[in-house]
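Each chain gets a letter, A, B, C and D, in the order it is written, and its residues are counted from 1.
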Amino acid sequence: METGSSQSKGTSRAASAANISAEAFASSRPGEELSLEDMEQMARKLRRHIVTMTAKAGSGHPGGSLSAVEVVTALYFGLMRHDPANPNWPDRDRFVLSKGHAAPLLYAALAECGYFPVEELSTLRQIDSRLQGHTDRTTTPGVEMSAGALGQGLSFGIGIALAGRLDFQPYRVHVLLGDGECDEGQVWEAVMAAAHFKTDNLVAIVDHNKQQLDGWTRDIMNLEPLAPKWRSFDWHVIEIDGHDLPQVIAALETAKQVKGQPTVIIAHTTKGKGVSFMENNPEFHGRAATAEELEKALAELA
Amino acid sequence: METGSSQSKGTSRAASAANISAEAFASSRPGEELSLEDMEQMARKLRRHIVTMTAKAGSGHPGGSLSAVEVVTALYFGLMRHDPANPNWPDRDRFVLSKGHAAPLLYAALAECGYFPVEELSTLRQIDSRLQGHTDRTTTPGVEMSAGALGQGLSFGIGIALAGRLDFQPYRVHVLLGDGECDEGQVWEAVMAAAHFKTDNLVAIVDHNKQQLDGWTRDIMNLEPLAPKWRSFDWHVIEIDGHDLPQVIAALETAKQVKGQPTVIIAHTTKGKGVSFMENNPEFHGRAATAEELEKALAELA
Amino acid sequence: MPVEMSAREAYGRTLVELGRENRDIVVLDADLSRSTMTSLFAREFPDRFFNCGIAEQNMMGIAAGLAASGKTVFASTFAVFATSRCFDQLRMSIAQPQLNVKIVACHGGITVGEDSFSHHSIEDLALTTSLPGLTVIVPADAIETAQAVKAAAATSGPCYIRLGRPKTPLVYAEDYRFTPGQAVTMRPGSDATIIAIGIMVALALEAAESLASQGIDCRVLNMPTLKPIDRDAIVQAASETGAIVTAEEHLEHGGLGSRVSQIVSRYRPVPMSFVAVKDTYAQSGKPHELLKRYGLAAEDIERAVQSVIPRKLSDQAHR
Amino acid sequence: MPVEMSAREAYGRTLVELGRENRDIVVLDADLSRSTMTSLFAREFPDRFFNCGIAEQNMMGIAAGLAASGKTVFASTFAVFATSRCFDQLRMSIAQPQLNVKIVACHGGITVGEDSFSHHSIEDLALTTSLPGLTVIVPADAIETAQAVKAAAATSGPCYIRLGRPKTPLVYAEDYRFTPGQAVTMRPGSDATIIAIGIMVALALEAAESLASQGIDCRVLNMPTLKPIDRDAIVQAASETGAIVTAEEHLEHGGLGSRVSQIVSRYRPVPMSFVAVKDTYAQSGKPHELLKRYGLAAEDIERAVQSVIPRKLSDQAHR
């Protein structure tokens, strides 16, 4: 453990990523001290990356990437202590993307943090690219988990959280889940186990965009009411507007204070958020914009 | 569909099994009209079969068989319309034993109903016996599902329930689950789906004996509080003392009246019930009585 | 009929036909109905279609329960999720009890392409052939797919049918009739035999064409039913041509190649070569790029034949 | 050392030893710790033991997360639940990312006995060998088990070790040293080779003994590492003895037999025979009854050798 150096490492990255008060990250002071405007701008930038790189690739999942932009922005450019120069830094806070099809979002954030060059984003899904169609732990710096088969991330997160506890590591673990993904039984196995093991260093975030692949979750497999389900499994539940950065930051800060039980942040979001014709349009779950559509999208995200 | 003949078929079995008012089964009148005493006696008989056949086999699962005796008694000798002479009668009410290791209990009930000779119970777990170590749909008359790998029965039950609805069949489907079994994610997939599909012809019964294989569920994988979990998945929940036959019968009758959602009966039970040295003793989850122990057990169950 | 068509499109259309003929056909999907094309059935028969959400284990259990109640059930999702994700449910709830469930999975193999390894199915045949009682079928094109789906619906018992994602060339004419359990000689030949399944059949024919121009006369067998496999056709090919190359969009071990080699080793040992994914996960890429990268192109089959012929045993007689 | 010992007992004891030496060893179980013998570790190191309840998928995911954080993780349950029940988790969370998880599963095969087909593991080797990057080990006895578990702990990367349920005879002396990836010649011989794994090694030796008395000189190889397999030992056996019989407590397809036959077909075709569970589920019964019923007794190996020898090719030379 290198707790001494951890703060400087964490802040050095943050400082370079955006012009945000450095101490805010290393301490557990609430996010409102950060420059929200810079984060908002970063979020818009990530959205542009998402639609651009998937359009370039000719395939990919823009919808579920766009809905989680604020969550990922708040984590990588705010809450998390991490070091792009040392992706395996043992003290780092962890982000596990369980909904692996949102890889474009994670790649965009990692690139903007400096894990790899931003230009590399244009190689998405191409043969020999480090940016695979779904996240691959073995190829991409900064990617914690190989994903793409839904339902596995929360279990993985519990493992990391337990290891942190065994080693008296102060890191926190964040797992981003899709709402459709919550159909998977393994998620509920993990929900039960995390409460049983009282992993209070673990935060689940559900990107509750109300859509899965075939359409609205209420039509395909109704999840509602979602919060009582997690509560009945003894999680601390926070519900927020997942596109409201201050709410995202506040929720993540609150989670740090919760002891003896894990926290879930149910982030109410809109699939395809930010691009009018992608919003709530199931088609863009798994299809990229055409050249023409891309132009329109980028205009909206300018 | 042979709805006309269904009543006589259902009752003929029941009448032969015990001296119980015949109409009570075919109608949906509550169980208190039955001769409770005969059912109590049948329950004791099933317990004797369970300890005897497992002792004879030298292995098997007495603990979780004994805890569900009243539930199975109420179903096979009370609530369910079924026909031992015609195990595949399409109109029959279904019993799915999801916790397949309680096979001795099911075999005892089926034998006493007349699905096969009672003497056959002594062949349990022997090579070429029709009574396999865990239930096998392909070998034992009256067994609906091949089980033994936990967690699969509720899904199977949903399928039967949906088929019944598609065919306007009036039958009801009962699935018996272990409480430890509820650790399995597939159970929660099914819990979510049954509510989504509104299969109100489906009843889950959790044999809540508070133990799993390695010990108490609260130590191994805490399930509590159990009722709120099912409720949060939009099931109608009934909690009962699972060794109190009138309560079991009343719960099953109540379930029939619940419309638009499935019902779960959480039956609070004692593992190993009825045999003092087996009660709450994890050892007897999966071990049979020795000759000496059998003698003691039978004395207690006389 | 077009020259190219995806197997899953043929599946979707055939399902609708079957649904019209048989009221007992029920279709399940796991939130991929627009990809598997069960959406066509769902649109016409909403009452007999159940979308189970992203819960493949539960879907297979529901399928089993429906089948145990007299339904002919089709359950669809991507091949990797239909097998890897719910193998125990296939084993316990479907295969052992011999229930009438047809698992029709699309997106088999690596021609899934850009979605990368999590979505590539390179082990589904090893898994499904490990289930006693399960019939395993890998159609070669859209026409054989329609036939196989109909044949499955007409027979009681569990069945796995593996389809691909992309549009692929048709190797059969409209009047082709699929017979379960029988190999199909796509091309006669005596110097060696290529046994292929799925999209590799078209590539095998391409390879044989090219080999013919080099004076190598290759037999090409399509082996649509991987289990139960046509043992006689294999033994005959071994006896008559003395060398066998298998070609499959699957790991080398556990699928067609190992099944054929076990039969050959037992009944008629001859040298073999295996065109298959070597022991590795495939990455993102365009389907044709991946076929090339992982050694599954027509030229790879050609090379395999060229390499196996010199190894033919000088004496094939048994003592 | 006794004459008989169960592999899982050796496992439980070895885990405790390892736990004392290495604080980074963490052990998981899925509500079967008294059967898998991880309970011994749990008793001594309660902080480093996590019982995950009856949730094998979640256990494998937790194992992966622990391993990704620097732990050496042992995850145990019955073989069928460790593979069938959570194959996709092995694939996605453990094998592909090459995480340091050792899946040590007991109750492999049909000698599980009376618990019947739901608890018999006859496909776990087909499944686990379908995972690129996963090492697969099947020790022959308790002594080899202890060695294999230590070797696994000493190497980084994912590994599957399959153990049996009953006490079985020891085929090795205390001083035996297991080397990953290497076959062990248990007995020299030139007329045919029996390649065996797990409890079948002892039975193979018994068969070879009996064959020797009939003048048949059988080589016996133990192949503890099924993957990566010792290709050279197999090719050598094919060349030198001209006939191979494999013996495994597993389905005929997908395990040792098909792996060996693929190597033989590629490098040195010779007649083979397979002692394995034919394509069926086994029923309840005593272990020795089941071995006999399903063709896995010493006499079955003996008969297989007798049947394969007359089929030896008169000319093994390659053109």
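As a working rule, a residue touches a chain if its C-beta (ideal position, glycine included) is under 8 Å from a C-beta of that chain, and two chains touch if they have at least 3 such contacts.
As the structure is a computational prediction, the values presented were derived from the model and not from experiment.
With contact taken as defined at the outset, chain B and chain C are each touched by A, D.
Chain A and chain C have Cα centroids separated by 37 Å.
Annotation: 29 Å between the Cα-based centres of chain C and chain D. Inter-chain centre distance (chain A to chain D, centres taken as mean C-alpha positions): 41 Å. With centres set at the average Cα position, the gap from chain A to chain B is 44 Å.
Across the assembly, chain C contributes residues 52-53, 55, 57-58, 80-81, 84-85, 88, 91-92, 96, 117-118 that each touch 2 or more other chains.
Each of the following residues of chain A touches two or more other chains: 136, 146-149, 151, 183-186, 189, 192-193, 196, 221. In terms of which chains touch, the assembly is arranged so that all chains touch all other chains. Listing the residues of chain B that touch chain C in their complex gives 90, 136-138, 144-149, 151-164, 166-167, 185-186, 189-190, 192-193, 196-197.
On the side of chain C, the complex with chain D involves touching residues 80-81, 84-85, 87-88, 91-92, 96, 117-118, 123, 126-127, 129-133, 244, 251-254, 257-259, 261-262, 264-266, 269-274, 279-281, 310-319.
Contacts from chain C toward chain B in the complex involve residues 26, 47-48, 50, 52-53, 55, 57-71, 73, 88-89, 91-93, 96-98. On the side of chain A, the complex with chain B involves touching residues 183-189, 192-193, 195-196, 221-223, 225, 228-229, 231-233.
Listed in rising order, the residues of chain A touching chain C in the complex are 57-60, 100, 125-129, 132-134, 136, 139, 146-151, 180-181, 183-185, 212-214, 217, 220-221.
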